[in-house]
Structure formats: structure tokens, C-alpha cells
Amino acid sequence: MEDIIVRYISRIIVPFVQLYGLYVILHGHLSPGGGFSGGAIFAASMILYALSFNLSAGTKKLSHDVSSVLESGGALIFAGMGLLAVLLGTNFLGNRAAGFPLGIPGNLFSGGAIMVITFGVGIKVASTMITLFYSLIEGEGHSHD
Amino acid sequence: MSAAAHLPALTVVVPLFFAYLMPLLARWRKSWCAATTLAVLAFTFFSSLYLANRVMSSGPFVYHMGGWAPPWGIEFYVDYLAVFTALTISGIGLPVIVYGIKDLPHELKEGVLGWYYTLYLLLMASMLGMALTNDLFNLFVFVEICAIASCAIISIKESRECVEAAFKYLVLSAVGSGCLLLAIALIYMVTGHLNFTFLAATLPGVMAVYPKNILAALALLMVGLGVKAALFPLHVWLPDAHSSAPSPSSAVLSGLVIKIYAVAMIKLLYKVFPATFAGMAPVMAMLLWMSTLAIIIGSMFAIVQEDIKKMLAYSSIAQIGYVFLGVGLASHNALLGGILHIFNHAMMKAMLFLAAGAFIYATGVRKLSQLKGIGVTMPVPAGAFAIGAMAMVGIPVTNGFWSKWYLALGALDAGKPLFAAVVLVSSLLNGIYYLPIIVNAFFSKPEGAVAKPGRLPAVMTGTLVVLGAGCIIFGIFPSLVLGLVSRATRLLLGL
Amino acid sequence: MGCFVIAPFLPKVSEKLRRNVLVLMLCFMVLLAFYNLSGAELRDFTVLKSLAEIGLAPLSFTAHPYARMAVFGFLFVGAIALLYGLQVADPREQAVSLVAVASAVGIGFSANFVSLFFFWEVLTFSVAILILLKQTPHAINMGYRFMIFHVAGGLLLFLGILQHYAATGSFVVEKPAAGLIFFALAIGFKAAFLPLHVWVAWGYPTASFPTSVVLAGLTTKIGVYAVARILPPHPAIALMGASMAVFGICCALLQKDMRRLLSYHIISQVGYMVAGAGVAGYYGIDGSMLHVVNHMLYKALLFMSAGSVLLAAGTENLHDLGHHGEDRHVPPVWRGLPIAALGALIGALAISGVPPFNGYVSKYLLKKAMYGAGPAEKMLMFASVGTVVSFCKFCYFGFIKGRAHIKRDITFTMKAAIILASASCIVLGVYPYLVKNILPYHSKLTVYNPAGIITALQFLGMGLVAFFALNKVLERGIKPPAWMSMEYLFYGPIYRTVFRCCRIVSKLDRDLDHIYEMSGKSGSILVSFTQRFDGALNDAYEKSGGMARRLAERAEQFDSALDDAYGKSGELAKKLAGKAAEFDDALDNAYEKSGDVAKKLAGKAAELDGALDGMYEKSGSHSRSLWDRLRGRPTDWNIKNLNFDSFLMALMLGLFLFILIYYTRNI
Amino acid sequence: MTDTLLRLHQNSYYFFSIVLFIIGFHTMLTHNNLIKKIIGMNIMDTSIFLFFVAIGYVRGGRAPILEPGAGHAYINPLPSALILTGIVVAVSVTAYALSLVVKLYRHYGTIDAEEIMRLRGGETL
């Protein structure tokens, strides 16, 4: 897509979308949203970027390899927090009992492990969607060669 | 609290964790993938062994995720059936992947090997989760993970057949999941619970007020799980999917994956829906007739097949019928036979698929008519195949005999001798399609590609030997598992 | 006790060691047999006690009086048979033979149904493998059929045992309390009851000759033992036995193959035993069990001599043996194979029930048992005469009239086995008291009284007379048409039907899909049709205006055309007159031509005939191809029937909902 | 009549989710285009999500966020939370199915099931 309007608009919009995505991810324990929604928003920004410029520009920002590593990493954060709770001596995915600081309800840094987990989920979802987008687009490219 | 207390969760989470680790490992340390997978599966096996031991000595116990008690949190309920299933899954999954270490590079592209281990571990984790969970929605999540992983494990081969079969499987199982989710919605709507224990307590009261909701949910559950478990008229996706997949995938799909849905069905029917209610609605009778059809017609389909893996796939349809026959008959011996058959069939069908895979690996021949004389040139896989086939027919000294024994006995106990006859007729049908293969394999002259098979790696041979020995050992000493199964049955039937 | 460890690794070890081990085993078997014969106390014996924990009986063995008799036969004759094949048989065959004999002994001594069933199946499979080991396509086919057949029998037994267990809660071998019909059928499979006898002729003549000696003794005798032990005595069983005896003889008389003849004879002889077991009583059981032993001995002997002929002369076809006619250069078989011929003679005399041989003893007991049993008694008498005739045929054409070059001499152990078996035939005949210790009901064995001997000799005489009368007919051998055989009439269709059903069902699967597809298409066609109809209606309105205009134009044209027609009619009349003259000539020609036509017609008729024939053929092939099409190929993978499959799901969902709601509507 | 309509209005979520379900199923059932099949599948899933979420809806309720001094009725957050998981699953199934379709397209150059059957030759049932 070589349209100059789209490029300009998306160049302006993308940072805001990403910021919003991060906000939704990080406030997962306080307001509606969370890892999944935020991750989807974040991924949408990257997809928008890649669509309005082109694929190579998109992969320059976030390469296929990096996104697939992040994909595993996000899930590992989730599972790792659960296992950490076990190591700290409570049940799997235990939170307060495992000694994570709960903070003051309503603050950003509250909810103990939940925030970290949400963050992991966000990374996972975003990178998964980006990876999927890349592989679908690349698949399309192959068949045309 | 020691780590052992967390084993119920760890059994599921560790494979899940390593499943995600696997792509990273494949990126940096390719050679570690297989070893790690093996270690993880060995861990799950030993942890389920430990759980089994604990359950046998001190009875069922629960594990709360995150320490939240049931109405809020997700609960794992470690009872006899759960540990039995977990043992079956990890016990069969381990040798299959050992076999796969050598077989997979032969069948798959280089780049996707790491992903295969991911999918395999995901599959294992989701099945273990299904076995252990005590929560309806959690069950649904595991069902979905399992469905996607099993589709992916088929389509990873990227041949046209595989992709088509996987697509078909995916669409049908997505519809099945939809039905399942709708059923969960209907149940949650009237009870407000998702935990099995709470549901079982609430449902009888609710049933009087909203019978239609529950009945609709029941029908949806049966269809949703039935399509995934390939219960007879809903089996259509199975032959394509199981016959085109790589051999280890076929083994684990046919041996374990369709069974785990049967286990889920058993849990739901016997634990959640109160027994009186199940007696009132003709659920059991429906299952019974469907399984009868599955047994007879599945065998009939298998008789006319020419492709060895396709034949095995159709035979799975018949064999899942046995499990549901046991469920439907609902007498102690029959249910025992059905549950026992989950294990027995997993073992023999995995072995048969692996043996078929070994034939294909070494000779490239898939047609049954061209496999003449394979027993002479490849004695070990053919021997394993023969043992598996004998077990399918239900010859004594093999484990298949015992499941048929208990099923037939259960049919008589339940006062339905017709179904005992069904079991035996299908044994005969099994004989009709398995015996000529063995006979031709061992007593005909090998020709063509069969005469000069390629060398089979020792690991593959060893796996087949282990599984074959397992069939025989559990045939001679069925009491090794029977204690567990019998307690599971008693608990389910409330005896 | 009775169960000994078998050496499945026999084929692996070296030739010499194998022989030594085998000889040791044989000695052991013979020792066991005689230990058993001496009537010494045998301890009960149990293995695999763990089975009891799971609600099953352990494998346990006990020495039932009936079993002791049968087991003596199995062990002793098994030993002789193995000795016979010691030098010629395939090592694998020897190993499996040992398994077979051991499992027969296991069945004999089984104290409960669990071990009975277990050894029953082991016997089935070991015998099937013995047949299969010959490895010719024919043998593989037969062995496979044998396997399927007996697996079916085994499953019936399984069902019977289950019913019995469900009724009584115990596995002890006794007369069944329930599921009698299944027991009867299952045992019928093994004991070759009449419509179930076909496997006898499949298996025994097909196996290699040392093997068939082993086989001849085992499977059917186990059946007889089971009849005596498990089935309650009933006149129907006696009648079945008698008809088996007659049927077997009739079939045997028609055979040209030595071992096929002997195989059909087994049916006949088993008929005697079944009849004895059917009437029961002391004499019945004693006679039948003694006959089991005797029959195993002399049938083994006969099979051994037939096998010797096969080995030495290369054929066992009586017709081929007689092929050399009176050619003096080819010596008669008996001169080349004196020992085999002697064995055959002794065996023939024994089987015909001639006094100093063992067959006489048991037949005498059986006759006593059958006394007054109605038609069965008469039938058995007829069978006795037939036996004599068929064995005259066997000996006469096989050894006296038959001539053959001896290509290969029979081995030492074969001779030894023949001699041993002949000797024991005579010894048991002359001194039957040897077995008195293990005779179940200890009947008096004073069988040599004038009346009995005279009857036996009468049969012998009648048989000989009949044989010489029928000599020529028998020599030619009668091959009954294929459609008369049981297999053709009964089992073939069953097997084919099952197979076709499978094909059709699997075809149905695909066709349902097809039909669904078609219904969709026809639906869409219907829709498009209505659309077209609509359009056509529109068109019709438009067109009707134009039509009216054209109609008016046409009317004008018609008017002018009528004018033209009047002008042309004058010319036409002229041409008609010319044509009439031509017609006359043509008629003349026609008469001439008619002769030709008649000829051609005849030719056409012949052609028609041919065409009709062709049509018949074609219709045949057409119906065949219809069959083929109906059978279809196994369903292939496809993505297309996804629609249908989801439809099926919806259908099932609807069905489930309906059933559930329908049946629980009044809750 | 009005009674029925009133009840329909009160249960409109359920009613329309069932209608959506049927539409989705029908789309899946009748279309040979694989992408349309997937769309049908999605519609079906969405209808179930609607159904599920509707269960937890309380008329006039508010989002269950802890606010100081709130005295409102909250909607039941559990179904929504569950359905979030459901949506994740549905998305991954969709993505996976789409990637399979891409592969099929690479093999055959078409995404029409009938066309694929024809291209593969053999039996075009």
C-alpha cells in the first residue's frame, strides 16, 4: 500500500495505539481488559504498521524471529510465575500466600503476581498475533512467486 | 509443604512450561529438544506414579490452583480414574516419543522438528489436565488446547492429505467445542457452578425446575464430546486424520487422544450428572446403541481397507466403541472393562501404529496386499504387530482379552446378553481383518520392497519390544492395573 | 504334573542338540504317559494364583478320570508322532507340535474353565501355525480359514463360559448351568460336528506330512473329550455322532488323496466316540474314551504310512499311484516300503475293528453302549462296513496295486515310529487290561467272546464283498461336483456375504455423502427452475402479442398457397400413371429377391442367437460390474464431505435432543 | 401474543444468540468456500459467547470494578472472564484454520472445496 495518507495517519496513530495497548495490559488487574485485550491492541498497531508501509519495514521493527521468541517468553513468564509460587511454598499460581506484595488496592503496583502474569500474557498474545500475521502474509507471498 | 504436594499441578504445568521452552531450545540447542521432552515425559510418568501410589494408599484428594477453594478457584481432583488416565497417558506417551526421535526426522522437515516436541508436550499437558481437572470450564480449555495441538500434530507433515485431514478435523472439532461450550453455558446458567462436585450437588434440585436446559446441555455434551471421541456416526474425520499423520502422531492420537474424551464423558456422566437422572434419561441406552453400531460397522469398514494405517484408524472407531459400550452398560464389570480398555487399547493401538510406521519407514509400503512376508524380513515389528493384532482379537495372554472378558461379563451382569454377543462378533470381525495380515506376514514369501527393508534404528525396535512385552505382561498379570481400575469403577458407580 | 515347559527356542539351537533335547522330551512324555497309565495318584496343581484376586480362577489342573485316558493318548501318540518326524520335520514344526501337544494335555487336565479356554486357544493357534508353516499359498489360505473358524469356535466357548459363570459364579469344569447351546456349538467346532466339520479336510491334508500325524490326534479328540466331559448326554448327540460316522465314511470313499481319505475318516471315527459320549452310561464313556486312545494310535499309524508313501513316492494320490498299471518295471509300493505297508495294514485292520487289534476292543464297548439306541445303532453298523470298504481301498490301491519308484527311503525314526505304533495297536488289542487303571468307569474288558468276534468278522466280510463289487468304481474315484461341498454351499457364501456387506456399508458411507450432495444440487435446481418459470411467464406475456400478429400474416399466406396447390395436382395425376407400370416390374423383381431374403433371414437368426448369447454374457458381466461398482473402493480421504459431516453432526444433535426430551417429557 | 413478545424481548439475548448460532452453522454447512466455512465457524462461536455473556448480565448492572462508595448491582464478571478465554481459543482456532487454508491454497491454487476435489482428480463425488 503506497498511499501517502495512510502512511502519515498510521505513523501518527501507531505510537498512541501502542501506548494504549500497554496501558490496557498494565491495568489488567484494575480495569476491564488485561493481557489479552492489550496484547491484541498492541499487535494491531504492529500489523497496521506493516500493512501501511510494507512487510519488510514491519519486520525491521519486530522481526519474525524476535516475535516467535517473545511468544514463548510470554508463556514462560506466565508458567514461571506459577512455578515460582510453588517454589515459594504455596499452591501453583498462589499469590498472596507466596509472599508477593499486594500493594494498595487501586494503585498500579498492586495485585502481586497478577500484574506480571498479565504482562506475560500480553507479550504472548501480541507476539502470537504478529507471528501469525507474518506467516500468513509470507505464505501469500510464496504462492505468488 | 514439600514439592510432592504440588505434583497434581506440576504434572500438567511442567509439560506446558517446557512446551513453550521448546521453540527457544530448538533455536539454540537443537539436540537438547528430544532429551528434554523425554525428561519431561519421564517426570510426568513418575509423578503420576507417585500420585497413583498416594491415591491408592490414602484415597482421593484435591488440589486448589492458587490456593483458592472450589467455588472461586480451579480444582484438580486426584481420584482413581484420574491417576489411571494420567498413568496411561504418560506411560504410552513416553515410548511413543522415544520411537519418534528416530522416526520423525524421516517424516518431517528439518525446521519443524522443535515445534513437533512443543505440540507433543502441549498435547500431553492438555490430556493430563483433562484427566485431573474438576472444573467444567477448565475442561473446556484443555479440550480446546488438545484439539488444536492434535490438529497441528497432523498438519505438521505439510503434505496435502495431512493439511486436508487436519482442516476437516479442525472444523468438526471446532463445532464440537462449540457444542461443548454451549452445554457449559446452559449448565452454568441454571446452576451457577462450574466445579464438578458442586454441580453434582446442585443438579438434582435444578433438574426439577429447568429440565429442558439440562437435557439440551446433555445432548450438546454428548455430541460435542462424541465428535471428538469419534463415536460412531460422528467418526468421519478420524480415518483421514489418523492415517495421514506421522506415525508417532497417529499412535498418540488413536491411542490416547480419542480416549481422553471418553474419560471426560465418563467423568461428566458418572460424576456430574446424578446417577438417578442418568437412569431417567436414556443417555446410557443411546450410548449403548451407538457404541454397538461403532463396534460392528467400524470393524466392517476396517475389513475392506487396503491401506494399513487406514485400517488401523477404522479399527480405532470400533475400539472406542468398546469403551463406550462399557460406559453405556453401567454395570460394575462392564465399566471396569471399558476403563481397562482405555489403557489396553492405548497400548496395543500405539504399538500397531508404530509397527505400521516401522514398515513404512523401512520399506515405504503402505498397501496391505504388498506387506506379504514382512514377518520374515522384519521380525520384530511384525512380531509386535502380531501381538497387537492378537490383543485386538482378544486372545488370552494378551491384555485385550481382559477388557473383552469384563465387557462381556458386564453385559451379562446387566442382563443384556446381546451386547456380550456383540463383543464376541466384533472379535471375530477383528480376526477377519487382522489375522490374514499376520498370516501373510509370517508365512508368505517376501517380494519387492518388502524383501530388502532398510535398517530399522534400534530405538524404534526397542520401543516396539517394550510395548509388545507390555501387552503380554498385562495380559498375564492384569492385576497390575486392575486394582486401580476396579477402585475407580467402584467410586464412579458409588459402590 | 502334566504341564511341562516347552522349548520355543528349539529352532534356534543346533541340529544335534535339538535332536537330543527332543529325544529327551519324548522319553519324558512317554514316561509321563506310562506314569499316568499306571493309575498313580496325580496331585492337583495350580499356577498364576494372582488371577484369583481379580475374580478369576487361577490356572489349575486336576486329573479327572476322563482326562487321564485322553491325556495318555495325547502324550503317547504325540511322542510317537514326534519321533516319526524327528529327522524330517522342520524344526519350527517340531517346536510348535510340542506346544500343541502340551496345550492338548492342558485342556485335558484343566480344572476350571479359565485354563480350559486358555489352552483351547493355544491349541487353535498352534495347530493353525502348524498348517501355515508349510508356507504354500494353499496352506496359507487353509491355515487362515482354520484360524478364523476356530477363533469363532473359541469365542462361542468364551460366551458359554461367561454365561455359565454369570449363572453359577464358579469356573469349575462341570456340566454347564447356562449357555449350553454355546458350549455345544463351540465343542462342535472342535469335534467336527456335522455342518462344522469342513475344517478337517482343510487342515490335515494340507499340512506337511510329519505334522499331519501330530494333528490327526489332537484337535478332534479334544472335542470328543469335551463332549464327554462338558456336554450332558443326550440322544441328539448320539444321533449326531452316528450321522457323522456315516457321513465321514461316504466322503472318505470318494477321496483320491490318501490323507484326505484319512481326514474324512477322522470325522467318521469321531462320530463313533461322540455317539458313545452321547449315550453316556459306563460303556458309552469308557468305550468312547478308549476309542479316543485307540483311534489316535491307529490313525497316527495310518497317517504315518501315508506320509511315508508321500515322502518316498512323491505323491499320495491313489489314482496317481495306480497310474503305472501293470508296468513290471515299477515295483508295487508295498515292496518298496514294507514297513509302511505293514503299518497301513495293521492300522486298517485296527480301524475296521478286527479282533486282535485295539479297534475291536473299543468298538465292542461302543456297540454294547449303543445297544438299543435306535437309528444311531444301525447307522454305526453301516459305518463299520463302510470303514472296511474304504480301508480296503486305502491298502489295495495305495500299497498293493499302486506302483511307484522309491525316490527316497524313509528314515530310521519313521520306521521306528511305525513299528512302535503297530506294536502298541496289537498290544492294546490283545491285552486291553493295560488301561484298566485309567478307564473312567472300570468297565469289564472281557471283550473276546464269540458273539463279538463273529459280528466283527461279519462286518469285515461284508466290507470285503462290497469292496470287490465296487472295485472298479472306487478305483476311478468319484469327484463330487463343487457345489455339493459344504464349503461351497454354506461357508463360502457366508464369508462372501460378510465381506460384501462390509464393502457395501463402506460404500454407503460415501454414497450418503453423494446423496446429500445431490439433494443440495436438486434443491438449487428446483430454485433456479422456479426462477426460470417466473421469467418464462414474463416472456410468454410479451410473446403472446407478437404471436397474434404472426397468426394474421400466416392466414394470408395460406390462402395464396392453396391456389398453388390446385395448379400442381394436375401434374401429380400424370406421374402416378407412370409409377403404376414401374410397380408391376418391381413386383417381379421382388419375387426373385424373396428367396435371397429367406436365406439372409436364416443367417440373421443365427446371428441373433449369437447376439443373444453375447447379451447374456454381457448382462452377466454387467451385473458383475454392477457388483463391483456397488462394492466400491474403500473411502478415500476428502475434504468435500465436510459439509455432509457437519450436517451429520447437526442431525445427531437433533436426534439426541429429541430422544432425551421425548423420553423425559413427563419428569 | 404480547406475552410471548414480552418474553422474547426479555430473553432477546438468548434468542438472538441461537439465531446467530443457526446462521453460523448454516454458513458452515452450505458453503464450499473454505474461508466462508471459517467465517461461519466464527459466527457460531460468537453466538455462544453472546449466550454465555448474557447469562452473567444483570439488567442495569455495572462493570464489576471496585469503586469507593458504590451501591450498584454488578454484573456477574465470571462469564465474561471465562468468555475471554473462549475468545482466545476461538481466535487461535481461526488463525490456525486460516493458516491451513493458506497451505491448501498453496497446494491447489483455490480455496473452494469442490474445486479442490476436482483438481485432485479421482473421485469427484
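Think of it as A, B, C and D in the order they're written, each chain with its own count starting at 1.
One rule holds in what follows: contacts are C-beta pairs under 8 Å (C-beta built on N, C-alpha and C of every residue); 3 or more make two chains touch, one makes a residue touch a chain.
Predicted model, so just to flag it, every value in this text is computed and none were measured.
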item: Two chains joined by the most C-beta pairs in contact, as defined above; value: B-C
item: Averaged-CA centre spacing for the pair chain C and chain A, given as whole angstrom; value: 71
item: Centre distance in Å when chain C and chain D are each reduced to the mean of their C-alpha atoms; value: 60
item: Centroid spacing, where centroids are CA-atom means, of chain B and chain C in whole angstrom; value: 38
item: Averaged-CA centre spacing for the pair chain B and chain A, given as whole angstrom; value: 35
item: Multi-chain contact sites of chain C, meaning residues that touch two or more partners; value: 638-639, 641-642, 646
item: Set of chain D residues in contact with two or more other chains; value: 25, 28, 37, 92, 103-104, 116, 120
item: All pairs of touching chains, each written as two labels joined by a dash; value: A-B, A-D, B-C, B-D, C-D
item: For the chain C and chain D complex, residues of the former touching the latter; value: 510, 513-514, 517, 520, 636, 638-643, 646-647, 650
item: Touch list for chain D against partner chain B, complex; value: 21, 25, 28, 34, 37-38, 41, 44-45, 48, 51-52, 55, 79, 82, 85-86, 89, 92-93, 96-97, 100-101, 103-104, 107-108, 116, 120
item: Residues of chain D that touch chain A when the two form their complex; value: 63, 65-66, 84, 87-88, 92, 95, 98-99, 102-103, 105-106, 109
item: Chain C contact footprint on chain B (complex, rising order); value: 161, 164-165, 167-168, 171-172, 175-176, 179, 207-208, 211-212, 215-216, 218-220, 222-223, 226-227, 233-234, 236-237, 239-240, 243-244, 280-283, 286, 297, 300-301, 303-307, 310, 393-397, 405, 408-409, 412-413, 417, 420-421, 424, 427-429, 431-432, 435-436, 439-440, 442-445, 476-479, 482, 486
item: Complex interface listing, chain A residues touching chain B; value: 65, 68-69, 71-73, 75-76, 79-80, 82-83, 85-86, 89-95, 97
